[in-house]
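Each of the next two complexes has chain A plus one more chain, namely chain B in the first and chain C in the second.
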Partner chain A sequence: MPKRVLLGLLLACGLTAPALAQEPKTGGAINAVIQPEPPGLMLAMVQNGPVQMVSGNIFEGLLRYSPKLEPQPELAESWSVSEDAKTYTFKLRKGVTWHDGKPFTAADVLFSLEMLKQTHARARNNLAQVDKVEAPDDYTVVFTLKQPFGPFLGIFEVGSMPMVPKHLYEGTDWKTNPYNNAPVGTGPFMFKEWQKGSFIRLVKNPNYYEKGKPYLDEIYWQIIPDAAARSVAYETGKVDVLPGGSVENFDVPRLSKLKDTCVTGAGWEFFSPLAWLWLNNRQGPLADKRVRQAVMYAIDRDFAKDVIWNGLGKVATGPSASTIKYYTDDVPKYPYDPAKAKALLKEAGYKGEKIRLLPLAYGETWQRWGEAVKQNLQDVGMNIETIATDVAGGNQKIGDWDYDIAFTYLYQYGDPALGVGRNYVSSAIAKGQVFNNVEGYSNPEIDKLFADGAVATPDSKRKEIYEKAQKILVEDVPVAWMLELQFPTIMRCKVKNLITTGIGVNDGFKDAWLDK
Partner chain B sequence: MLRSPSGVIGLIILLLAVSVAVFGPMLFPNSPWRMVQRPFLPPFTLATVPLGTDALGRDVFAGMIFGARVSLLVGMVSTLVALVVGVPIGAMAGYFGGRVDDALMRFTEFFQTIPSFALAIVLVAILQPSIYSIVASIAVVSWPPVARLVRGEVLSLRTREYVQAAVVTGQSNTWIILREILPNTLSPVIVLASLMVATAILLESSLAFLGLGDPNLISWGYMVGAGRTVIRQAWWITVFPGVAILISVLGLNLIGEGLNDALNPRLSREGR
Partner chain C sequence: MISFVAQRVVKGAIVLLAIVVLNFFLIRLAPGDPAVVMAGEAGASDQIFVQQLREKFGLDKPLPEQLFVYVKGVVTLDLGFSFRQQAPVSKLILERLPATLLLTLTAFAISLMLGILFGTFAARFAGTWLDTAITIFALIFYAMPIFWVALMGILLFSVTVDWLPSFGYETVGANLTGLAHVADVARHLIMPAMTLGLFFMATYTRMTRASMLEVKRLDFVKTARAKGLSDAVIQRRHVLRNALLPVVTLAGVHSGTLIGGAVITETVFAWPGIGRLMYDALLQRDYNLLLGVFVICSAMVLTFNLITDLVYRLVDPRIEFTT
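After this line comes the complex of A and B, so read on.
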């Protein structure tokens, strides 16, 4: 009998606990850091990280994604896929209005797609398989594909495909449209003011279609250029939220220990940032596969994770991050083994030719990482010269293929067809760009696997194809994979429900509330 | 020179710094970039890394020793380059006067009107940070005062009787400048040069602090800059190289002062 009472009590607690703790409260303002200051806020035209972070709360996409990257309704309330996987029908939500009061309809969707094809490189790629888009009525949009495209339901995230108001942009010069400076979206927050160099202020959209949301009255995005000053701003209470990457890693442990501070690594699943070294496959010693493998063996990646990234993140095993679809760790392994690296270099006949290393000019962490990797490579006898450059200069050198080894990190967007293939297939070798196949790796087998993988059905077939591709790539080492990065979000514990989706802070303020 | 106590102190400091720069790396053959111990090891805990380790576990003491080499070398070489550029320009302007003087001095002023540190930053950024571009840019911003000083001296010297005598005897201009005039301008130039070395060390440190140092060479300024973000957790990474900069710049200033006292006849007579 007592046992049963206890059980009953436990059950009762379990059932009532959420109701007790999680009744959202309305009102209040949140101060968050935005770093660096965004170049603009018109998400359809500029998509840098900070732009997505601010504007993802002003604009909306057709779908939203859970941390497991399952599609959820946003502007589209439901969708269906035809038998042959070539026709996708979206039913739009009714009663949605733009911030200026005009209704949102299928015409806006069609216009947005046309505009994005011209202004948003990634959207253009994502839409390459689309044959035609039609709107049979005001609240239905039908996509017809040229052939089945596995990751299609993964391309409707707000940063990948933001909806743009047709009535404000149609027939205007998009680049000079005055609404670029005061963006109008359908999202839970409306743009209010931007004091350049100081802060960006968003206010609650009182006519938001989800009744009761958003809970907050205002968001202030504070612009603080110095990393140390951003930490201090949090400590002194000037800001409540430090989104991932806004403070140096050295400061994360110290800030995490502060009173009433909550830290989470969640909210980056959609992006899954993966850091690697571009290795120039075209020329010099690195054209030899054995030298590239030596690079993998020579670098102490656990040291980088534990010391440089303060234990955050995960050592990468290959071209896919472990958080995205069809990842496998059943691939050749490259543990830290300087002796093996030396042996491979000797076998390849490396004779101390100079190798240029380009670090990433994204702050102290990346600088230190460049120094550590240089030391690792010198220890096995490679003759490394670091080239100092700023971000723009580095991008130019990488785009011009004027480098031997270069640091980078890229987003993967949940599916190998969206964020992985672009870095390895030979059709993505194009001079002047920095996010494609910069290393110049060319392998017909890989080209075929990625081409097949994008359109194969069913899922199990895609899985098989991508696992094979991962094995081949890891054996060939076209680039040297370093770490799956983790950008922890640090915030006061009174900020609730900020990170609920796969893109975290970027669209999280819709559900966030303040426990006062 | 040896009579002034501050000059002697300065000289001792300089000799010490130079010997560290010359012989130190022989005693500590390990690269200062090597990660030798756990990161953020406080100073005076392990005999092998007496001044502790930095954010990557690199030996701060080794960094100080190798940094001395870069800092002093940059200071001296860039001063030398500045003298090589500044002295001839000043001498020609002062000796020939007239249009030559006008042209050369306007050219010099052109450099003087631009804030020197800003110009150095721009030059290093454009040329890409390397030891050569750093030496060059420091030299570029520090020659104008030399030229103006030499010009002033030459202006007053060229009216002296012995110079006019040389002109009358038909000596060539080059001969007169090199043999009759320049040797007599040496003392103020030497004093200026010793101070310029100090300024150059500071300039190099400031550039490295801002991340514009040669990425392949460790210098005191780089160490201060790299340790700045973690100063709250690990003061020693910035403090030791900072003290090294302070002491060597102080030493050079003391030497400059001592030289000034010794080489300026009027001052030294009053002092006695």
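After this line comes the complex of A and C, so read on.
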């Protein structure tokens, strides 16, 4: 068995390190890599990956989620749902203070919701089903929904709904508020220092409400822009943690073998990054379903997983990742079958028209994947031209629908209503945007299924609806699903309990400790 | 001399303004909408969000109006606001400028000193094995891309022998002060400055060598020799001084290229300077920040060129300050 496949299997099983129960030790600092440098740290204003990775330590949400995506208490200590599934009551934790000493209350929750509706596109969409929010007392928040919304309990994680200090933001110009660059949250770590271009330093919150936590004294987020230099920084002992996606995939096996190094693929269950190829359904050969199916048969996805991604991840079966709710693999299958692809192309009358392929400019791994896919498609007789751009240029082309095939990967946020439907329903076709229904697929049946699925009760009904939607989509191939990506986190084995939830390194290091 | 400098400054300001206008349009010619980039990083986007971002950037206004607002800002020394970084552009640049100046000036000094030294030796011992060795050494560094030299340096000095740090400006978390801090920064500076400096050193070596060999053949050198001056004095006072003019010209031209080289060096070594700031701003289409960095770099190049002209006068008193 090739080593990289073995590594993949080990990662698939969770930790490669022995997960022995030990008494946590207090003290010490962790040096972790952050890439790229966050544009700011105010999670309510900017939500890209690196921002959450750092600010997930400073800010908190009402809930966090286990690796199985079950809600767990954070700022809310308990919650209840009414029988008609339209009223959700959250009891807030008492004795929580902001880093400046002011108490955290329901008024902060109400203010945060108002602010997020204006500054946070995903929160705005998630809250669209909310009719009103009330705070009967300082420690109770009641959400009343317009209609039942199945994934509602899944929208309270820190990146999706960070709590903002009302007393520092109310009545100010949010975008120029000085606290954007020195954020004040309720989280286990407090912002201390940011040397732009060098590092961000967080220190322990001594008044954290969970007694004894956090265990670490400090976290240094080191900003190292070059992927090879990040690998070297780990090799030479200058950093202890390489969060998922920090280094090129081909460096993972080498770094994993270093002394005292542990690797885990855990912590991405909530996001469940799924990679696929946008296929432009509107024009050219790809408007024909048979050509799109041929693309699925033509691409050797196991090769991509084993060679390009070093055995990490899983071949995708359809629009949902296997880690999110209502996933089914009872769908039509597309094994690697070039002969079948050729036959389908012939049947569709494809005559070698030029097809433009847009790889993703996210580094070497993605470039190589682009080349492999090009070769696969050329092997079955497709005339592929690769278009090279940077990220911004690529996004513009995709948003303008000026492509035939384009690489992407998107987060699924645990529930098909939050992270899957947006890519297939016809109401999400809007030019100029890159994370909606870019392929231009339009099917009234799918529209209805996703509309019904979001509001259906009970859970078994939702399951039935989403399983049906998956079958239809996989038959129609609006996009070509590639891999459920896995971003392994590499760290020194002395770092314990770094990842304890389904949000992983994006959920703060409050449980982490150093076995010195 | 004062009127010479004053006139050059006025001309420089006009050139700078032209650069601003040209860059303003060039940046916007590149495909990629900053609002879409930011929306994309947020992991979600809808029409309202993208429209909000456009309004924030001022991108919803007509282009001539955007230009007018920008130029008006630059004239009053206001380089605008980076909405991506949520901070004034001038603040972002000023935070990074010292690191870049330290890196480029050190690299510049290394390249000039070593270049002139090696070039002088090569010319003095022209045709010998020393000349060949120096020429090959110089060519190697000239031929190798900066990022390659950087990576090989890291591999050798950080990974293999562990003498020098592989990244950063200082040891994070060490909280050093005084001389210990200076020594720490110097240790971090060695590899990036040498990487950048060695590339430019090569050209100065070649230029000094060629120029010195040419000057050596001139009549006044024969006269000096006939006067009975020692070889060392002839080389230093007559040959080198005259041979330096083209080297100084080249150094002036290089001031701009040096900043270009700093972009790569700073990225590989995680050096927190404006080269990296420019690179990130370019990828993210952070128009205001990118233009701000261009303005500062252009101003630096113009200043270096002015200094070059002044140094000319010092090297060769025959040159008049005419405009």
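Here is the rule we use: the second predicted complex is superposed on the first by the 494 of 516 C-alpha atoms of A that agree within 3 Å, B and C clash if a C-alpha of one lies under 4 Å from a C-alpha of the other, contacts with A are read in each partner's own complex, and residues count from 1 in each chain.
In this text, a contact is a pair of C-beta atoms (placed from the backbone, for glycine too) under 8 Å apart; a residue touches a chain by one contact, two chains touch by 3 or more.
Computed from a predicted model, the values in this text were never measured in an experiment.
Novice: Will chain C clash with chain B on chain A after the two structures are superposed, or do they fit?
Specialist: fit
Novice: So, A:228: does it touch chain B (first), chain C (second), both, or neither?
Specialist: Both chain B and chain C are touched by A:228.
Novice: May I ask you to decide whether A:188 touches chain B, chain C, both, or neither, giving the answer as first, second, both or neither?
Specialist: Touch partners of A:188: none, neither chain B nor chain C.
Novice: In the overlaid three-chain picture, which partner chain does A:411 touch, first (chain B) or second (chain C), both, or neither?
Specialist: A:411 sits against chain C, while chain B stays out of touch.
Novice: So, A:364: does it touch chain B (first), chain C (second), both, or neither?
Specialist: The first partner, chain B, only.
Novice: Output check: A:389 vs chain B and chain C. Expected answer is one of first, second, both, neither. What do you get?
Specialist: The answer is both, since A:389 touches chain B and chain C.
Novice: Looking only at chain A, is it chain B or chain C that touches more of its residues?
Specialist: For chain A, the partner with the higher number of touched residues is C.
Novice: A:198 contacts which: chain B (first), chain C (second), both, neither?
Specialist: The second partner, chain C, only.
Novice: Using only C-alpha atoms, work out how near chain B sits to chain C after the chain A superposition, in angstrom.
Specialist: It is 5 Å, taken between the nearest C-alpha atoms.
Novice: Go through chain A and flag every residue that touches chain B in one model and chain C in the other.
Specialist: Touching chain B and chain C on chain A: residues 228, 389-390, 393.
Novice: In the complex of these two chains, what residues of chain C are touching chain A?
Specialist: 30-34, 36-50, 52, 56, 81, 83-87, 92, 95-96, 99, 151, 154-155, 158-159, 162, 165-170, 172-173, 267-273, 276-277, 279-280, 283-285
Novice: Can you tell me which positions in chain B touch chain A when the two form their complex?
Specialist: For chain B paired with chain A, touching residues are 31, 33-35, 39, 55-57, 125, 128-130, 211-216, 226, 228-230, 232-233.
Novice: State the interface residues of chain A toward chain B in the complex, per the touch definition above.
Specialist: So the residues of chain A in touch with chain B come to 227-228, 248, 250-251, 254, 303, 307-308, 359, 364, 367-368, 370-372, 374-375, 378-379, 385-390, 393.
Novice: What part of chain A is in contact with chain C in the complex they form?
Specialist: 29, 31, 36-37, 39-40, 42, 45-49, 118, 120-122, 124-125, 175-176, 180-181, 195-199, 201, 218, 220, 222-226, 228-229, 232-233, 235-236, 238, 389-393, 395-397, 399, 410-411, 430, 432-436
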